[in-house]
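Dropping the structures in below, format is structure tokens.
Shared between the two complexes below is chain A, which pairs with chain B and chain C, respectively.
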Partner chain A sequence: MTPQTGREKRGFWDRLLLVDRRWLYVVIWLVVMVPMLFPFDIKPEAMPPVRKLFEYIDSMPEDKSLVISVDYTPDTRPELHPMAIAALRHGFATKRRVGVLCLNTVMSLGLAEGALRQVSEEFNSRATTREDSIINGEDYVFWGWSYPIITVLLGMGERITRVFPVDYYGHRTESLPIMASLKNYDDMGIVVCIAGSSIPLSWVNYAHTQFGCQIGCGITAVSAADFYPYLNSGQFTGMLAGMKGAAEYEELVSEKMVELGYEWDLPRKGTEAMSSQTAAHLAIMAFLIIGNIAFFITRRRKQ
Partner chain B sequence: MKRRIPLILVLVLGIFAAIAFVVPHPSVRGVDDVMRNDVLRIIGAFSLVLGVGSIIRHHYMKIKRKAEHWPYSWVTLSTLVVSAILGLFGGIDPNAPGVLFRAGGVGQFLSNFHMQTLYDNIMVPLAATMFALLAFFMASAAYRAFRARNLEATLLLVAAFVLMLGAVPLGRMLIKPLPAFAEWILTVPNTAAKRGIMFGVGLGTIATSLKIILGIERGWLGGGGS
Partner chain C sequence: MNVAADPWVWVAAILTLAVFSFLYRENPFYRFAEHLFVGVSNGYAITFYFHRILMPYLIEPVSHGRDLWLIAIAMVGMLYFTRFIPKVSWLVRIPIAVVLGYSSGAYIPRAIDAQILQQLRATIVTRSSFATTLAGPGWQLGVWSIIIALGVIATVTYFFFSAEQKGILKPISRIGIIFIMVGFGASFGYTVMARISLFIGRLQFLLGDWLGLLR
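Showing the complex of A and B:
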């Protein structure tokens, strides 16, 4: 029997099972790229963990600050950066004082700085009065990064200015007006830790357990399963999981901003990316179905 | 003596750290405060110096010996030097350049290569590209390896299906309660399994910590457990 005959004998399902993986890569590339260029209309509906976080931030006392711990790196940016942007918009739109820090790694500093710059410019470019403006050191503070984690987490329970003597831009934190009303965990309404790692658990272990600080988290979809036990026990006030969580939170923040009179058409990267995510999920599900059908048919033939 | 001193330090400080976590007495808190805010930071700073020294030494030796992939060591060392110079002297605010860029001429030209610019244009695309490759491997694995061979694999497959469909708006359009069902899978069966694993991990961590504090486990001293 010649090899040619052997190839001829191979059936449709056999060939499908042995398809070159590069074809699969092409399909994935297309299903991610095409909806990115031509997105379809999606209106996310917030699930309970997202709604809880949003409502907590929205209803916390006016004198309490929103603290955002930016602990993701560029690799998880598409999923997590929209959460940070939406959280900053939520904080600024509701006139909260906002504190931002990076706990996990210096790699996050550039992302946090970028998010702060973008959102403060969104507000300042449309501001007509001082009340509408967002000013560094008065309305928000970017503490930067410090080390080691345990020192930062426990030290912030006593005095933040001791943990961060200077902010990211080199200003003495003692001299910043915002720090007069943001001394330690007592002044924080909630800490939202947005991370691509297990760092939100460190916030739970130290800030929540020892100081009773409320913690919310924004995490990647792939790691969401690890955080549900903490959500169920109430150690996390709420949770944003993956692109879907980001899109749902963006929707709630957008509705809130319209309610407050900020009728701006701001970009919502999480919602925009949901088109690609939907198409990619469907493609992977199709792969699963086709792969399994081909597997069972070829196995039966062999038997 | 070389081994005994570290062992005594770990024993004393390990027990103290555990006590300080649960005893709020001012004297304990005071010492704990110094340990955490001063001593730990000094050790952290030393470890940073040690880390940088170690990476320089490692790559220098690779280049010197022309070890496998040695040209990449040049890339590591040069990026270390460039990013350190930019970070130390280039400033961090694009609107307020550091000492390196304040002068005119070359300094002005170089100010385009600010730390944030470098980060946005090199670090972000590189890291995002690495992570994006995961989508292709996942698709390939879904097609070739994820098979309903037995009951456990079938359950896993069905759960994955529900979660993937529940995570996109189409799932809600097809079956309205699907996202809620996906949420239930994560909240109830997943949490039950995770809690069991977490208890096991927690107990294991306590046992290992005790072994290190009491000097039974000595692998961290180097040279194995002997």
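Showing the complex of A and C:
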């Protein structure tokens, strides 16, 4: 009887440690899906790195442009696309001239074009005057992609139209009205590089170090720890880290748009995901705690 | 429930489910999706490079008799293909040398400034470290600056292998390990957040764009 009882007691914690990982996937699936269908109210509180980026864009001189470097691919879309959408809304709502380019890979082009089309349609579908409209070539330009990165970044310090003789849609950039006041880094208030790789560091190395251009970044959460030193040193003006960073920035932009009279109920993918994100984090913390308890109990019993 | 009518949404949804099926076990649906992704990505990239790089920057000007010097540059680039001919495969070193030389020359001076000097400067605690900014009150930022400076010294000490870690080096390197572990913890936490975010993105697509269950 005694060995039987001992096996039963040990069995529970052992079984817990040996549970098939597919059951964990099922739990995570449910934990993410249920709050998505029945969300609870979470208001993301903007952290200093996010607030700094927002404040900088918001307060930069009117004659300075916002440039967004879209350098993510479909695999990091859920984290980074909401940042691009929010940055475009911020730029258009505050009447900034906006330049968009891709540096990393051609796969970013479709995502950048999709974001531009979506946000410009949001504004244009509600526009009643020219001032409210967002026009390609006048209010924004999509330069497209060019290569190699070093040549592009150094060349943009002299003349953007030499690096991008034609834009993504095939127009001669020299002929676009917006390019008259967007010649090189001197005309840029800030470059926000949204990337799933180390491209923001290339912007720091060349555009910031050599030309003194302000750089902000939107990055995946997995690389956030690597980028914090550059935020601390002031080489990044501000930083959006992961989906949470996107949600915080969306919240600030949303408040700003309401303040400016754009009381539109626009989709905010980052904010909408926060219920699922929170529930999943709680579940993973529970897994960690239970797993550690099980580990220490079984180890003590073995000893 | 408002299921998508767009056939491409259905294709994307079915491929997403095919990839997710790997969580159960490896299977032909997953392998099909994987191979399709590699093929489509490569096909897209090659076509794009041809139309957006080779055509406007090489073929078009040269075919109109402009910038004929580009032919010489193209010839150097073509040497990459000598890799497939064993007798002359050494020629591949020429374009590699050009690219490496150019990249290193452009990168190293700026990297020394951006990645070393400015990072070192950021660890120096000065009076301005205690200035109140958007990031928080001055005393708080000052304390963090001191912690960062101590962390850098302790961590660099841990990786100081020129002397045996005993005496004063031992406790400092121990503190360095703590900083390194905190760094690993932060990285792991962020990694979990990133992976969950990606899964959320796919579920937003499946439940929202495909099945129309979300707003």
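To be clear about the criterion, the second predicted complex is superposed on the first by the 293 of 303 C-alpha atoms of A that agree within 3 Å, B and C clash if a C-alpha of one lies under 4 Å from a C-alpha of the other, contacts with A are read in each partner's own complex, and residues count from 1 in each chain.
One rule holds for everything that comes next: contacts are C-beta pairs under 8 Å (C-beta built on N, C-alpha and C of every residue); 3 or more make two chains touch, one makes a residue touch a chain.
Note that the coordinates shown come from a computational prediction; the quantities given were computed from them, not determined experimentally.
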For A:R51, is the partner it touches chain B (first), chain C (second), both, or none of the two (neither)? second
Report for A:G242: first if it touches chain B alone, second if chain C alone, otherwise both or neither. both
Contact-wise, after the overlay, does A:I150 reach chain B, chain C, both or neither (first, second, both, neither)? both
In the overlay, answer first, second, both or neither for which of chain B and chain C A:I178 touches. neither
Could you say whether A:H208 touches chain B, chain C, both of them, or neither, answering first, second, both or neither? second
Which partner does A:L282 contact after superposing on A: first (chain B), second (chain C), both, neither? first
If you stack the two complexes on chain A, which partner ends up touching A:V192: first (chain B), second (chain C), both, or neither? neither
Quick check on the superposed pair: does A:I42 touch chain B, chain C, both, or neither? Answer first, second, both or neither. first
Return first, second, both or neither, reflecting whether A:V32 touches chain B, chain C, both chains, or no partner chain. both
Shared chain A contacts, counted only where both chain B and chain C touch the same residue: 25, 28, 32, 48-49, 75-78, 107, 147-148, 150, 154, 210, 221, 224-225, 229, 232, 242, 244, 277, 280-281, 284
Across the complex, what residues on chain C touch chain A? 23-24, 41, 44-45, 48-49, 52-53, 56, 102-103, 106-107, 110-111, 113-115, 118-119, 121-122, 134-136, 148, 183, 186-187, 190-204, 207, 213-215
With touch defined as at the start, can you tell me which chain A residues reach chain B in the complex? 19, 21, 24-25, 27-29, 32, 42-45, 47-49, 73-78, 107, 110-111, 113-114, 147-148, 150-151, 154-155, 158, 162-163, 168-170, 210, 221, 224-226, 228-229, 231-232, 242, 244, 274, 277-278, 280-285, 287-288, 290-292, 295
Residues on chain B engaged by chain A in the complex (per definition of touch): 21, 33, 36-37, 40-41, 44, 48, 92-93, 96, 115-116, 119-120, 123-128, 130-131, 135-136, 138-140, 142-144, 146-148, 157, 160-161, 164-165, 167-170, 172, 179-180, 183, 186-187, 190-191, 194-195, 198
Enumerate the contact residues on chain A facing chain C in the complex. 22, 25, 28, 32-33, 36-37, 48-49, 51-52, 55, 75-79, 105-107, 109, 144-145, 147-148, 150, 154, 165-166, 201, 204-206, 208-210, 220-225, 229-230, 232-235, 241-244, 267, 269, 272-273, 276-277, 280-281, 284
